[in-house]
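What follows is a group of structures, each given as structure tokens.
Okay, so chain A shows up in both of these, paired with chain B first and chain C after.
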Partner chain A sequence: MSILTEHELKELSSQIYKMAELSSEAIVKSVDSLKNSKIDLAREIIENDNIIDSLEVEIDNECIKLLVTRQPAAVHLRLVLSYLKINTDLERIADLCTNIAKETIRLKGRPTLKPLVDIPRMAEISIEMLKKALRAFSEKNEKPAEEVIEMDNAIDELNLQIYRELFSYMAENPAKISEALGLIMVSKALERIGDHVTNIAERAIYYIKGIDIRHE
Partner chain B sequence: MPKKISNKIIIYFSMLIVILIFFLLFFINNLVREMYFNMLSREMKRDLKLVESYYAAGTGENRRTDQLIAKNKIDRIAEITEMRITIIDYSGIVVYDSNVEDVSTLDNHRYRKEVNEAISVLYGESIRYSNTLKINMLYIAKKGEHFIFRAAKPLYEINNKLSNLKRTILLSGIIIIIISIIIIMVISKKISGPIREAVIFSQNFAMGDYSSRIMNYDDNEIGILQKSLNDMADIINEKINNLIIEQKKLKVTIESIQEGIAVIGNSGKILICNSAFGNMLNINTEPVDKIYYEIIWNSSLNEKIKYTLSTGKRITLEVALSGGNVYTAVINPFREEDNIRGILLVLHDITEQKKIDQIKTELIGNMSHELKTPVAILMGYLETMREHLNDKKMMENLIEKALANIERQNSLIDDILKLNKLEEDIRFLSETIDIEEILLNCIEILMPKCEKKNINIETAFIKADRNIQGNRFLAEEVFFNLVDNAINYNINKGSVFIRTVITDNSLIVKIKDTGIGIPADSIDRIFERFYRVDKSRSRQTGGTGLGLSIVKHAAELLGWSVNVLSNNSGTEFQVIIKIS
Partner chain C sequence: MEYKISVEDLSFYYGNTEAIKNISLKVKSNTVLALIGPSGCGKSTFLRCINRMNDIIPETKVKGDIKIDNESIYAPKYDVIDLRKQVGMVFQKSNPFPKSIYDNIAYGLKINGIKNRYEIDTTVKTSLEKTGLWDEVKNRLNESALSLSGGQQQRLCIARTIAVQPDIILMDEPASALDPISTQKIEELIHELKSEYTIIIVTHNMQQAARVSDETAFFYMGSLVEMNSTEVIFTNPGREMTENYIIGKFG
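Moving on, here comes the complex of A and B:
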């Protein structure tokens, strides 16, 4: 049995970063496709999802290989376990982006109900959160992770606000229900993305401090 | 606390002196003791000879009296010389002892060491504890004719003398130690003082105090060391200053470059980067010393950086970063003896370039489309005419339509030429123009169009100094096109309001329509050639698609500015004319 080397950890974290970058790009692109009715871009997101899927499998295998062959202990064990879990979260984020892209395709050609402001805002916040959560990992600093958990409240609030607004549109004009429902799905997907990023931040705290703060 | 050289010197020298003194003590003690013993034994031997001669005298005719006299004499000798004198016969029986009256109580002395020696080699000597007198004594025995003569002297005397001597030597030894320690301390201070000064100086230098120097050095090896330390400090100081200047130069150079620049080491860490780099990537943390993929959140760019770091191949690619801007990224490896030491990443903003390219492509597409359409229509009419040469009524109708299209083509070409002329920035004659008159003229020309669409034109001109420096032709182009647009893009039975307003230093002409307005995201683009907000409306409203382009260029040449305010109930164009 040999010891987990710094090189192997670095390689693993670069893979995780790649996964996070692909996911964040998926968020940007999916919201861009929805906002500017870019159907081609939406199709591209759905196609590119399998790149993220195969990267997820690759990272999972890599983590399991390290766990079996290196048998890491203490902080290294927590890091590998955290990566194993956030890998799934990142993949789910990308999946939610394909859901947004599918909504874009479904809403094709219809004039948008109103200029989209809150949905791009949600996307921006979630990307900022994702960056912060990963920064917590690389800097071994729990502060950004705690900020992420705070920021998730802003996303939840925006989601509720969008719900209320779209309900009023639906009540005014039944012809717009389909479109409003599509936007509600998008908003819900972004809210779920925020939750997944919060999970990542909680994993970061688990890795740094060794305590589990989930469901508190 | 580090060990001090002076302490070491003091300890070693003190040890040396102590050892020396003890050796001295030992030698002197032994020497004195030996000398004393020799002297003592010589004296005692001499005395024994005397005793022997007296005792021998007592062996003559008057034996008893002589013996008594001899005994008395021997008693006297023993008393004067403070010795114990014993006479023993060869069988070991004591016949006389100066300290013991009744000799019969004494045991046999035959095998006492000194007696034994004396029997065999004439003289015997020993130092023993006397059971009789209970003290250490020196015994000397001499073999006589019939008897053994033995003298004994107590040793406390010599011991007392020797211990006196020891005490004197020890006392003077301690004094010598104290004096020499003081001397050594002074000497070692003298040696270690300058060394300590040099140590403190070099410690301060290492801590970053580059200005202090060692003062007044001695004229010896340590002085040379101090001097060379000073010289070294000067040289290092100069080198550090040069390095700081170099670094500042590099920083200023990198900072002043508009392109985002970052140097990434082969470990993946960002070594140097400028603020443009941070701005382009929208980073709010310090990027230096972080791993590149933690900073550059772009999977395609990071993949290429990784590729270059491992293969050393130069790569140029286009990337869209956060904020929607497009950059050319050049990833250039730098090597040291064939090993890749890192990469230089340069980001060049090509967003504007991309936009211009897109506009150009659109322009060419639009222009060819606009030029081709009337020709195609004309061709269609002409072909129909060829087939219906005899149908006079239809011919007339077709010729009318064909002429209208030719007219359209003509005006389009006129506009293109006009725009071209304006873009070439030809100096126009400056003359006094009357804005009100020009506006009224434009309205008059466009009146038939208004009547066709039932549009009402309302004017409100302010009475003011209306003579303005400009060029009539250009001003006409500006106002004609604006009023024309206000009519073309108006609803049927709509209105056009034309007003002039005077502010502190400018005259503002406001031309407002009651049309459908311009969407906010199109406002920036309406001055582009052939740009149409609604592509499907292009031919319905007439116009060449160049009108606002002409307005923009003409206004620029006149030094005027044109603002657009629009909502869904109409659009207002404001021409701001500076009055000097």
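Moving on, here comes the complex of A and C:
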């Protein structure tokens, strides 16, 4: 019988945490670039996306190798399968951050339509959610993961609020539709990031308790 | 739900040593049950209780009961010879008789009183076909069974077992001495045989249990720790002890 060693599990986990750290950094930097018109920072985010893409492929390959050579079962199987899935979520989060960075570049240093308050708030919540979801994995504790799922509602609320606000703004100022749409796209990207982090939390619950709570 | 085998509070003693402790479980018809657990946990002893093979070991004692088709096999009037016909067994080491391939299968039929040559020929052929051996041996039926490879010998033993038309086949690590290709053939065979037979297999190979069985029972120190569908046992076992065994923390 093949068995996953503690060393192999630690190695894989540290790669996943590295991936999460890079994605989390991308959220912080992308919103900072937009809020403070930092075009260079935006370019850096887009360039660094390659690193995250390569790490995604590396983690996928490592998971596949362990599945084939170690044939893990029970909690080990659930962990490797969960990592395989959340790896994609983390990569998608970084992709969405490049969309935000592209919006910064599109503005060419002009200030955003209005000072950003809710968008940075969405970013803060999603970073907090990501921390909690990973803590659920590292501590093998479903509580923080359950909190993440609750927290996603706050992000969805903020997204709706931004929509409403920008729609009325567009109605009043048709000349600013393009910029308003840019911010709607950013808000949507952050809302999607919240969904990906929720997926990660759901996978943590699957890893810990063996139950699939998706679509419930 | 139709159960082929019902084990009720079964305990088994070698002298004063309780090797099996109060085991109760049920096996559905036409399914494969895998028994897993570390060496000495009682899997093989349990298996041998089902065809009363342990009867021949001196100073042993059975408590509780096993029912096959709702009939107690430990009832005083129960015919053990009939039981062994109904419950075939395949061992870890293939043990063909030092006779021809043909005679290995015909022997069981003859001692069961079948004399009709045509009937014997037909059964030899269908048994060998069912175990996928027919094409490999049809031109050498009179050669010694010992001239076959290890994997072929094991399939011959399975053919010999099914020739007498049992309902249940017990397998005690049937592929542990075989190479991967022969193992795969045995596993495919188990999959095919289950439409006609109820199979209980003891295996130390966890992946094999996961591949061939519908349900898995985990034994530890003579007790049944957990039994559930194989999918549940290998993805989300209910007991921590089962999980620790499956992920290799002990055993």
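Criterion: the second predicted complex is superposed on the first by the 214 of 216 C-alpha atoms of A that agree within 3 Å, B and C clash if a C-alpha of one lies under 4 Å from a C-alpha of the other, contacts with A are read in each partner's own complex, and residues count from 1 in each chain.
What we mean here is this: contacts are C-beta pairs under 8 Å (C-beta built on N, C-alpha and C of every residue); 3 or more make two chains touch, one makes a residue touch a chain.
Keep in mind the model is a prediction, meaning the values are calculated, not measured.
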Problem - Overlay on chain A: chain C relative to chain B, clash or fit - result: fit
Handout entry: chain C, chain A and chain B - angle at the middle CA centre, rounded to the nearest 10 degrees
Key = 70
Practice task
Scan A:10 for contacts with chain B and chain C and give back first, second, both or neither.
Solution key: first
Practice task
Look at A:188 in the shared chain and tell me whether it touches chain B only, chain C only, both, or neither; answer first, second, both or neither.
Solution key: neither
Exercise for the section: Tell me which partner A:176 touches in the superposition: chain B (first), chain C (second), both or neither. Expected result: neither
Handout entry: First, second, both or neither for A:24, with chain B first and chain C second
Key = first
Practice task
Figure out whether A:131 sits in contact with chain B (first) or chain C (second), or with both, or with neither.
Solution key: first
Practice task
Pick one for A:85: touches chain B only (first), chain C only (second), both, or neither.
Solution key: neither
Handout entry: Which of chain B and chain C A:38 touches, first, second, both or neither
Key = neither
Exercise for the section: State the minimum pairwise Cα distance, in Å, between chain B and chain C in the overlaid complexes. Expected result: 20
Problem - List of chain A residues in touch with chain B within their complex - result: 10, 14, 17-18, 20-22, 24-25, 28, 127, 131, 134-135, 138
Problem - Parts of chain B lying in touch with chain A, wherever the complex brings them together - result: 268, 285, 290-291, 293-294, 297-299, 302-303, 306, 322
Fill in the blank from the handout: Residue set of chain A touching chain C in the complex reads 1, 3-4, 71-78, 210-211
Practice task
In the complex, go through chain C and note every residue touching chain A.
Solution key: 204-207, 210, 234-237, 242-243, 246-248
